[in-house]
Every structure is written in C-alpha cells, then in structure tokens.
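Look for chain A in each of the two complexes below; its partner is chain B in the first and chain C in the second.
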Partner chain A sequence: MNARLLPAPLTSVMARVQDLRESLTPRAERAVALARARWLFRSFQTVGQNVAAYGPMLVSNEGAVELGDRLTFVGGMMPSSLVCHEGARLVIGSDVQFNYGVSLESWVSVRIGARCMFASFVRIADRDGRTTAPIVIEDDVWVAHGAILMPGVRVGARSVVAAGSIVTHDVPPDTLAMGNPARNMSLELVSRESGA
Partner chain B sequence: MVGEAPTVLGRVWIHGPGEIRVGHRVVLDGRVAPIELHAMRGGSILLGDDVVIEGGASLEALQSITIGAGARLGTFCKVMDNQHHPLRGNRHERPASVPLVVEAGVTVGSRAILLPGTHVQQGATVAPGTVISRRIPPAVTVGGSPPRVIRREVAG
Partner chain C sequence: MSTRERIRGFIVDTFFVDDFSDDDSFLRKGLIDSTGMMELVAFLEQDFGIKLEDRELVPENLDSLSRVVAFVEKKQQLSRAS
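So, the complex of A and B:
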C-alpha cells in the first residue's frame, strides 16, 4: 500500500513502529546470540558472562576450554570454528572479538589474552602436520584478515599482525608483523600515536 | 543502480546505506560462498561493465572502491578501502579511508587481499594470496606478501 494515501495518524504510527523495530532488532539479535553461544559452548569447562555468537559455528571440545567474559563471535559468510583436541587446552581471555571464518584449533595449548581482535579468515592452529607447539597470544593483539599463526609462535602484547601474513617466528610486544614469512617492525617506527 | 543483463548465481549480500553501481553484463557468482558488497555510509562501490566476481569475495567501502571494466575477482578476495582500526591508540575509532582502484582488465586471484591505497593498473594480474596496498604498474603479474613483480608482459 502506498504510504502517501494513508491518513496522517496511521503513517506516524507506522513510523513509530518502524523506529521501535529498529531499536529492538539489535537487542533481539543480541539475545539470540547469547542463547546460541550458551548452546554452542555447553561442553566447555568455563564460559564467562555475556559470550555472544552472532552466527553458526563449528565447535568441538575434547580437552579443556576456558572462555573469558564478553566475547563476541561475529557471523558471516563462513562459520568460525573452535576445536580443542583430547588433552589440549584452549584459553581465551575477556573482551576478545572474533570476526567470521576464524579457525582456532588446539592440540596442545593455545592461549589468547584479553582485548584481542581477530579479523575474518584468521587461522590459528598449534599443529601444522610437522610440528606441534603451543601458541601464546598476549593482550591487546590485533590479527588482521587472513593471517595464519604457525605452531610455537608467541605474539607480544599490543602487537599487530598484518593482513595475509604468515607468522612463523615470535613477535615481540608493540610490533607490526607483516609478510610471508612475517617480518617484525616496531610500531613506534611504522605509525604515530592515534589520530595521526 | 544496475546495468543491463546482470547474472547473479547463488547468494549476494548487499549491506549498508552507501551507493553501489553495477555496470552491464556483470557476473556475480556466489555459489561457493556468498559475495559481500558492503558500502557503508558515504561509501560507494562502482563495478564496471563485464566484471566477474566469484564466490566469497568481500568488498567493503567507506569511501570508494572502483572496479574497472572486464576485471575479475577470484574466490575469497578481500577488497577494503579502510583499515577499520588504527595501528596504535584507540582501536575503536576509524582511521581515514584511502580510495581503492582496480583498473580495466585486471585479474585478481583467489584469497588476494587488496588493502586501502591499492591501485592496480590496466591489465595487471594479481597472483592468488597476494597482499597489496599500493600502485601496481600496468600489464605485470605480482605475487607474494610483500608483493613483488613476478612477470612483466613483453610490450606488443
């Protein structure tokens, strides 16, 4: 029906309904995401509060998984996957955000610090068919789109892993790692403080 | 705005309030995975004539992404004109966008990543998995991360 033909009160009511719907949709999505996370992560040993999964995920836990508070798993074109094999540990700190298509696999130990950000199609696995070694990611790390972290890597606090990088060696704190294989450069030299 | 005779296979997701213009005879093949066209507020995505985009490609524009006529984007390409987070400082604010241009006749391989500031010139080829953030001269093949010229087309 054409909105112009409707009497004025009805259009204002419809506008109000539209506003209400727009304000409620994010909350409804949030509620669904929280419920979905609770269902998906039911086999995990510890799950913090306000863990939200905004899309389908592949989850399998035969080891020990600990999730922190306020995690976000964004949904998208590919499902994220969290796999923890027998006897392995997977620890994720609080306030970590995951975009879609992230693949986390733990055969021994994968530790992720607080406030990290993982972009889409990031792959973190501590076994690559040849070596098996634990991966440690410290606080405030940003891993950009399509990066791969190889076994035995330790990424220092506040570091950034650039898009498409393949990290084969340790990354010190406050460092930008980029390229294949990833080379480290100091963030002090690469960029200025925020706003610059 | 859509030109004549577009072909859409599978799923194509179009998000955001920005502007998306599609030329004639464009092929969007989202059978492998959905294609994502995300033009955020004030952003524009311009696809030229005869552009082919394969599944899983994701184009995110805050300012402008231009794909020239006859260009091909492979599966799971990522094309973005904004880094979305600054390297240092408050990670929740947006850095400035840099317009991204892919000129006519370019072939972009699968899983390549085109970062802000990319300008792939006419007829260049981007090998699969390449990460680009600057100008690529015409009619060369680049590959790797950081990218290098693999092959230079012989003139004529």
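So, the complex of A and C:
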C-alpha cells in the first residue's frame, strides 16, 4: 500500500461524512422538536400543524389552550414556560416564534395574534398580584428581550416592544413602546422602512 | 442661548454628530436611533418644562432640528397661554 496516496481519499471521505452530517442534523433536530412539542402540549385543546419545541419547556394547562400552525419554541439556556390556570384561556395564532426563557401565564385570557416574535426572557402574565385583566397581542408584533407585558394591555398590530420595556398601558398599532413604564412613539419616527 | 442652539448642543454632545443641517432628517441621515429619540424626548421634557404626549412622538414633530424647534416653541406657547 502506498502511504502517500492514503491521506487524500481519507480526507475526502471524512469531508463527505461531515457534509452528510451537516445536512441531516437540522432535519433530525426538527423531527425531535416536532415530537417533543406533541408530547409537551398533549394536554392542550387545540394544537396546529408543525408546532416545534427545540428545547425543554414547563407546561401546565388547567384551562383552555389553543395553538396555531407552525409555532416555534427555540431552546436555550432557560426553558420557556406556558401556564394556563383553571378557567383561563391562552390562544396563540399561527407562525409565532418564541425564543428561550419566555414565560406566558394566563389567569383569565392571553391572546396572541399571528406572525408575532418573542425574544428571550419575555414575560407575559395577566395577573400581577394587584390586578387581573386580559392581555391581547395583535398580529405581527415583535417583543424584544426581557420585556414585561403587564395585565390588561393591548399591543396593536405591527408594533414593537423594545428590550427591557415594562408595558403598563395599551400600545397602538405601528408603534414602538420603550422604557419603564413604556412610552409609545410612532415607528415612522425611528424605523428606516415604515412598519419594518 | 436660543432654543435652536440648546437643542443642537444637546444633539451634538449626546450623539457625537455635528455635520447636519437644520432640515436634515434625523432618521434618514442616521443621526439618532430609537433609543436616542427617547433621550431627546426626555431632554426636551426636562429642559423646556413641557410634557410630550405619546401621540405627539411622530416624524412631523421630531424628525429634524427645525421641526423640533418649531414643535417646542408651539408647546411653550400653548403652556403659557393656558
């Protein structure tokens, strides 16, 4: 056997194995995420198609939970949690994405529209020890890292909640909510593409 | 110091920009980002003793130095009148 010829085929084989692994790993992870979501959300009244959970989650349902299609719960350093108490409703529209560490808790009603995005460590709960009031998040809303939505707020369509904001009042559509307590400013004032 | 000079001074000192004209859009020229806009609003409220409503935080009022000056002067007149 010629020792000088060996390295070339071996490296090319290794490269092909590596390529194969890289092409298959996402599909395997996707399959696991879909299966995990089925198991985690087995107590929910409605679960749409292609709901995926890429990491561990804390799930508790004593009320009524409805999940839309194509939801993604990203895994990471902290599990996300979905809690729906007795007699409460938690409704999530289609194509919504959640990063890790998101905490959703419903005592009466939390409604989330379609195509929303929730960054890591967002907290949404409709009871805070003093008040209990339903929360509504309309379509295409983006809530950035660490924001907290207080009971009774309504976030309008296409609005953005800035990182770390505490939202205590309603946010109109096409608005940026920022600060503690959050103030609302027109998205046209701060985004280069209107509504982007 | 005039209103215009005070506001321009704040923008120059806070956002490290000085090459802009009175009518340049803060947004399109990339002079002030969203957090900066919040700082500008807080500065206007503190230094000029006015209160900005959320619905007033729109480009027509705040997206260039001349617009901000006109807006602040209008608000001051209104608060003096009432």
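The rule we apply is simple: the second predicted complex is superposed on the first by the 186 of 196 C-alpha atoms of A that agree within 3 Å, B and C clash if a C-alpha of one lies under 4 Å from a C-alpha of the other, contacts with A are read in each partner's own complex, and residues count from 1 in each chain.
To be clear about the criterion, contacts are C-beta pairs under 8 Å (C-beta built on N, C-alpha and C of every residue); 3 or more make two chains touch, one makes a residue touch a chain.
No experiment lies behind these values; they were computed from the predicted model shown.
Overlay on chain A: chain B and chain C fit together in the combined arrangement. Between chain B and chain C, B touches the greater number of residues of chain A.
Within the superposed three-chain model, A:145 lies in touch with chain B and out of touch with chain C [touch as defined at top]. By the touch criterion stated above, A:178 is placed in contact with chain B and with chain C alike.
When both complexes are overlaid on chain A, the residue A:164 reaches chain B alone and has no touch with chain C. Once chain A of one complex is fitted onto chain A of the other, the partner contacts of A:189 are limited to chain C, with no touch recorded for chain B. Applying the stated contact rule after C-alpha superposition, one finds that A:117 touches chain B and leaves chain C untouched. No C-alpha atom of chain B lies closer than 6 Å to any C-alpha atom of chain C in the overlay. In the superposition on chain A, the residues of chain A contacting both chain B and chain C are 162, 176, 178-179, 190-192. Interface residues of chain C facing chain A in the complex, by the touch rule stated above, are 27-28, 33-35, 37-38, 41, 54, 57-59, 62-63.
Listing the residues of chain A that touch chain B in their complex gives 76-78, 117, 120-121, 140, 142, 145-146, 160, 162-166, 176, 178-180, 187, 190-195.
Chain B meets chain A in the complex at residues 13, 33-34, 36, 56, 58, 76, 78, 80, 85-91, 93, 111, 113, 115, 129-131, 144-146.
Taken in their complex, chain A has these residues touching chain C: 162, 175-176, 178-179, 183-186, 188-192.
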